[in-house]
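Below is the structure I would like to discuss, written out as structure tokens.
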Amino acid sequence: MRLELRGITKRFPGVIANRDINITVEPGEIHALLGENGAGKTTLMNVLFGLYQPDEGEILIDGEPVTFHDPGDAIAAGIGMVHQHFMLVPVFTVTENVMLGVESVRGPLGQQLDRPAARKRIVEISDAHNLHVDPDALVEDLPVGVRQRVEIIKTLYRHSNLLVLDEPTAVLTPQEDEELFEIMRSLQASGTAIVFITHKLNEAMEIADRITVLRAGQVVGTTTPTEATLESLAEMMVGRHVALVVDKEPATAGEVVLDIEDLVVQDDRGHVTVDGLDLQVRAGEIVAIAGVQGNGQTELVEAVTGMRRPAAGRVRIGGQLVKLEPRAILEAGVAHVPEDRLEEGCVPAFSIAENLVLNTYYREPFSNGLQLDREAIQQAATGLVRDFDVRTPSVFNPVANLSGGNQQKVIVAREFSRPISLLIAAQPTRGLDVGSIEYIHRRIVAKRDEGAAVLIVSTELDEVFALADRIAVMYQGKIVDILDPEVATPQQLGLLMGGSRPVGIVEAEAAGERTHVVTSGG
Amino acid sequence: MTAAVKAAPAVIVDRKAIRRQRFLGVAYLLMAAVVAYFLTGDLQGSQTSTFLLKPAGNQGGLDVPSIVVPSLIVVYLAAAICAALGAIQLVRGFGARWAIVLGVVVVAFVFAFLTWAAAGKSMSLIGILQLTVQKSLPITFGALSGVLCERAGVVNIAIEGMLLSGAFTGAVVGSATGSNLIGLVAAALVGAALAGVLAVLAIRYRMNQIVAGTVINIFASGLTSFVASRVLQSHRELNEPTKFSSIPIPVLSDIPILGPMFFSGNLFYYLLFALIGLIHYGLFYTRWGLRVRAVGEHPRAADTVGINVIFTRYRNVILGGVVAGIGGAYFTLGSTGSFVHDMTGGRGFIGLAAMIFGGWTPIGGFLASLIFGFADSLQARLSILNVSVPSEFLLMVPYLVTIIVVAGLVGRVRMPAADGTPYDKG
Amino acid sequence: GGGTPAPSTAAPTGTPAASEAAVASPTVAPIAYKACMVSDTGGIDDHAFNENAWKGMTDAQAKTGVQVKFLESNSESDYAKNINQFISEKCDMIVTVGFLLGDATKAAAAANPNTRFAIVDYAYTPAIPNVEGLVYTTAEGAMLAGYASASWSKTHTMGTFGGINIGGPVTDFMDGFVAGAHYYDKQKGTKTTVLGWDPVKKTGSFTGDFSSIDNGKTLSLGFLDENADVIMGVGGPIGQGAFAAIQERSATAVGLGVDVDWYISVPQYKSLILTSVLKKIDVSVEAAVERGIAGTAPQAVFVSTLANGGVGYAPFHDYDSQITADTKTELDALQQAIIAGTVKPSDYFAAP
Amino acid sequence: MPVLAIFSALVIGAVVIVLSDLTFFERLRADPALALGSALDEVFRAYGALFTGALGSPSTYVDAFTSGDTARMTQAFVPLSETMLSATPLIFTGLAVALGFQCGLFNIGAEGQLYVGAMFGTFAGFFFAGLPWFIHLPLAIGFGFLGGALWGFIPGLLKARTGAHEVIVTIMLNYTAYNLISWILKVPGYQREGRSDPISKVTLDTSWYPVLIDGLRANWGFILGLAAAVLVSWFLFRSTRGFEFRAVGFNPTAARYAGMSIASTTIMAMTLSGGLAGLAGTSVVLGVTHSLTFGVSGGFGFDGIAIALMAGSKPRGIILASLLFGALRAGATPMQSITGVPIDLVVVIQALVIMFVAAPALVREIYRIRVPETTGLETFSQGWRA
């Protein structure tokens, strides 16, 4: 199938997400789509998939203009999409998820689900492309990598000959990346065209036949891996020369501030996800926890910040056994930048000023114990908004109306504005653009240099390498190794994150091999 | 590659489970104490309690012998069972079987209570069981309505209003046309219309669904009372529908105990059983059900595979309205024969509790409704036997049972993930 | 036939539906006198005393041409407001229905000595000069009905239930019913069990409201299960639950109406109605209005009794043939004894 | 917007008046024009009576003031006084529901809390004899608050500890409370001597809310309601604890991250909410009836929901909305008396008002108003999640 997008424009209130975009995808081609956060990649694909209607422009398949009113039309036309956020029903089995919408049925009324028939086809498909899954497993019990395979099976089940993969590698380990690439090549061999969205330039270079770069909703250019270099791609994406590596001095580690001993934490379903974990973080150093999603990082942070009661273990902060309860931990001088800024970090309906005192509102000078001092709150807020460069017309604006980066700045401003001895930051730059990432990174390093202990949890290897003084690798609820970022390589790290332990961590090759292109966010 | 981490090692202490273990243990011991102390006071050793299993009156059915038990011994036995289980519960717990043990204790407690109430007398046990089913009927209709709506992701707290409107419409249309069948259809349609309003408010205008439902409840109560006092009061003939008469099913109705409970009722019984089966089959074995559940769990995922989320929700809410309307018609066309304002007395809300208790499944909802029906039937029977508990407290029983069930279970059952969340196509 | 002396004034029976017709077309020329009624929270469609009292008002209108109107109360705080509304509309006479309005009526009567009041089911001690309390010795009529029921009962088990245990207006019926059964037992040496009410302990079966027929039916099914074959439900529409239950079980059992003759007002169940306990609120209200029009001085208490025909029991209608002539004679004798004061219901509250 | 909502509700109410009059259809067949005319006439008469019954009629005011007779002047203010009197319990229940809303809780139990509050308040009213009014009245009010608070504490505790949804628990507690007062009204010592019907002893006049003006029924309960509104407003928007309430209401997860206790805030919010509803109970028994029967609430608890919604849970709006609903209730009496339209119409109108207010998009659509959607108060929990 030959796909042509011609002059696609899509506007949202206040944003032009796609502006006059022209792209063609040839049959059997792997076409990479690159671009910064918010460049409009997902929007374009949603237009292609019938989730959005384009304001202008048309879609042609094999030269024929088509209109997709909803995803059903796109699926019927042979387009399959693996979404950035998986579209799987957790409580359904793999078979049910795959057959949903195109169910095999039997029975006199033609209504009864024919699960065996569907299961048979799924097994066929997975055998043909090496996509191993148990058709009867519940999706919620599957690890992310397997879920992604389910998504791919879903599209193949619908006879797609054009497959859109929206940032499929963001949640995978390097090993899983490789497995995915194998699958992509196998599909390509069978004539399927693939649109592959990624932030990771080297991935595009490795797998793509052609690469199109979007910036601010427009096509900047289309190139091929042979013509382009990593540097040229980065420059196309950002629009200027990129040399963003965080400057930081070597750490001068001091006292142990955070001391975690034998910690056991269960998740909501009662599974043990942190399993006897030990970790120490010292003043003046940044420890980054690297790991694939679902290995207990979330529960670890929740436990240490008092959001989840551990089943066993001890947590000492500044040498004291603290009561693991949010307020007690805050009072112990811990700052926390939570993973989900809108759900956990702020009250979007509250004003910026109110959010800036969300965890200090009850103390002098903001409250006399009974009544809030609005004057003091406003003054403090005005100062912080200035210091942290939050772009807003007024401190009384609701945080909901800020952009993601500015929302994150509000949270960082709040957490960094008090004297702290320990900073815990989970995915501190998720979904942020280059500028914001750089800003937040600088602030974090500055906190370290002031003598705070810093614990970072990030799924972004680039971020981990950019910030960490020590990298703690977490796998199945345990710290399986601690690496020195100066000597470790992403490959080693990836292997450890995936659970395989290299035979003795050998001295790393030259550090120069690594490219810290900080543009890779979300 | 990661693998889902499972099976907690033995060292893990589940604090919740421990708290539950202690709480239940103490509760069982208390129940044992209540039984042993309060229920034995005025019993004589020679007294017996007779439980009749043969339906009274002219109902058919095989001759079933009565159960005669020595009152005092049974009461002490029940106390002993409660105490023993309570002690074991406290000391080492029952692990995953705690729910079964709880069931055993409750049954022992209730049986002791009945034995006490019937000491020296006879009590129609079959009557209590028959009434249990009967009282659970409208509750189950409500629960089914809730299942239909919530499986598609719309919370329907307006069931009470739909029941009430169904009762009203059934009576009025049934009387006006002289056909109770037309009345039933009209009730279903009015239920559907109210559900339509709920659907428009909740889906199109994205109003908070609980508020939308409450508005409909207030509206239904106000409107039916208004029309009842303006029209029905002077046109009594509009409030005299013929009821559906009982249709005992040959052979089945002769089965001891179960026959009189389930197979001697009127149209509504069989309609309900058919609906339970149909909805259960539909939800879990058909294409329709798979899509409905997908919409209730993850509407965006459903959307991306070409399922019309909005349409599915409208359709299910309206189907839920139809079921609630029929359930409402039961009050007038199936049970009492005339409409009185606010006659549903909170059964719609209890239906919701039954739906939650039943884990959002039709069969679970029915079983839960039977528990509420039993509470209702039991309190009525106790008042008849003139036990020395003020009638006001007996009347609280079904409501208190609801609270206990909701408090005890809501955290443990899993609701459809998108329940109550409006869908924004983006 | 039944032993109730037919009141000479009112139409022998009347469906409540008559009220509207009466409003629409008074049979006599209107007069200037204005009689106004305030219902309690039950509303005038309560199938019980509000409705019955309103019928008395409209009967008075049909007969005398008096202007009548009513106000329903939504809540307790409406009582005084409603009475005041009528005072501001210059009603000559205000009839309040039910003991719930006792306090509000008293206050209004004190504040408006020139307005005449009548209150149903309530009387003041000491009396208030411009208020007539209309009370009923309901238990007397109920005792006769209970006697007849006990004579009819094949199982010697009967049942009775009420709406809310509000005392007199509800439980007088139940008291009398039980007393009648006990009196029968004493005469005949039988042992009749009356389920659902104990006049001594004042506890029994109640539906918890005056609207849930379904709860009434639940209790009645319970009575039937315990072998009862005569059931009396007291509290407006809930009593119909008894008939619904009998019909559903197709039991050989009967029910009793209350307040008015249900053979006429609830015709769909007439084949199951043994008799009804009559409490002629309509007659007493109509009489009170007529006294108001005539300008006779208010009586402190106007007691409707068996003697003056204000309470009683309805004819047996379809069941006339099943009540033996002996029983009818005994009923007449009992009626005379009650009127004479030689038999009092309260003497038979406890089982013999 | 609220004006349009009220207008729409009145229009539909008019349709209901006309359609529920069965003679209308006969007349429509006979002479459509005349029938429509008389229907309109009936609607105007009904609404006219409703309005003058709520606010008084201008001519009465003019006559009264020109006559200079104080009694007549007082009399002219009766409708307004009745409106205030009817509004009083509604202010409290409205505040009760709004306080819950602000904390993300949907308290449908104001009705039951009102019952229990009235039960406690009445007890204090007749039990503590020999106190001067300035001690007795506050004591009785305090008891009322306590009773309601107790009845609000239960669902709060259950929600915080077990996740039981407050909507179902509070509804069930409404029924329970109703049976509870039915029972206590028969308990010797609580029941009035010499009465067999369920009615409490008469409260002592030292526990009564004093009337505002002699000859009118409006009393200081109304003033207490205004004061409560000011206090609630301060509490929610100025106080430290109120900040927590709103944060928990808008985003409980973030509130927990910020160190606030969801459990204690939930319990406290339900308790305070119940206490306010309990005050509504005192405004009836200590302000109007002076004793308790089971008819104490005419659905004030449910009207409170409507009022809180209409007011967007803002105390100032609650006062206005309560006055509106009070006016509807006060005007309903003369409306029924003069035109025979049943008072239940008011309930229908109220339900319609809530519907239109709660779904602003609907009103906008009807009147083709184009305004960007401002985020309303969509805070309370969705579904049955704890």
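Note that the chains are named A, B, C and D in the order they appear, and that numbering of residues resets to 1 at the start of each chain.
Operating definition for what follows: a contact is a pair of C-beta atoms (placed from the backbone, for glycine too) under 8 Å apart; a residue touches a chain by one contact, two chains touch by 3 or more.
The shown structure was predicted, so the numbers you read here are calculated from the model rather than taken from an experiment.
**Student:** Counting C-beta pairs in contact, which comes out ahead: B-D or C-D?
**Tutor:** B-D
**Student:** Counting in whole Å, what is the centre-to-centre distance of chain C and chain D, each centre being its mean C-alpha position?
**Tutor:** Chain centres of chain C and chain D, defined by C-alpha means, are spaced 35 Å apart.
**Student:** Distance between chain A and chain C based on Cα centroids, please, to the nearest Å.
**Tutor:** Chain centres of chain A and chain C, defined by C-alpha means, are spaced 76 Å apart.
**Student:** For chain B and chain D, what's the span in angstrom between their mean Cα positions?
**Tutor:** So the centre of chain B lies 31 Å away from the centre of chain D.
**Student:** Report the inter-chain centroid distance for chain A and chain D in whole angstrom, where each centroid is the mean of the CA atoms.
**Tutor:** Chain centroid spacing, chain A to chain D, equals 49 Å.
**Student:** Which residues does chain C have that touch at least 2 chains other than itself?
**Tutor:** In chain C, residues 72, 165, 208 touch at least two other chains, as defined above.
**Student:** For chain B, write out the residues touching at least two other chains, lowest number first.
**Tutor:** 229, 235, 345, 390, 392, 395
**Student:** Touching two or more other chains, which residues of chain A qualify?
**Tutor:** none
**Student:** Can you give me every chain pair that touches, using the contact definition above?
**Tutor:** Listed by label, chains in contact pair as A-B, A-D, B-C, B-D, C-D.
**Student:** For the complex, give me every residue of chain B touching chain C.
**Tutor:** Listed in rising order, the residues are 52, 55-59, 122-124, 126-128, 130-131, 134-135, 228-229, 232-237, 240, 243, 245-246, 266, 331, 335-338, 340-343, 345, 376-377, 380-381, 383-386, 388, 390-392, 395.
**Student:** Hey, which residues of chain B end up touching chain A in the complex?
**Tutor:** Chain B residues touching chain A: 1-6, 8-9, 11-15, 285-288, 290-291, 293-294, 297-298, 300-308, 414, 417, 425-426.
**Student:** Residues of chain B touching chain D in their complex?
**Tutor:** 150, 155, 157, 201, 204-212, 214-215, 218-219, 221-223, 225-227, 229-231, 235, 345-346, 349, 352-353, 356, 390, 392-393, 395-396, 399-400, 402-403, 406-408, 410-411, 415, 419-421
**Student:** Which of the residues in chain D come into contact with chain B in the complex?
**Tutor:** Listed in rising order, the residues are 16, 20-22, 106, 108, 158, 162-165, 167-169, 171-173, 175-176, 179-180, 182-183, 186, 302, 305-306, 309, 341-342, 344-345, 347-348, 350-352, 354-355, 358-359, 361-362, 378, 380, 382-386.
**Student:** Within the complex, which stretch of chain C touches chain D?
**Tutor:** Touching chain D: residues 36, 40-41, 69, 71-82, 84-86, 88-89, 99-100, 102-104, 164-169, 171, 208 of chain C.
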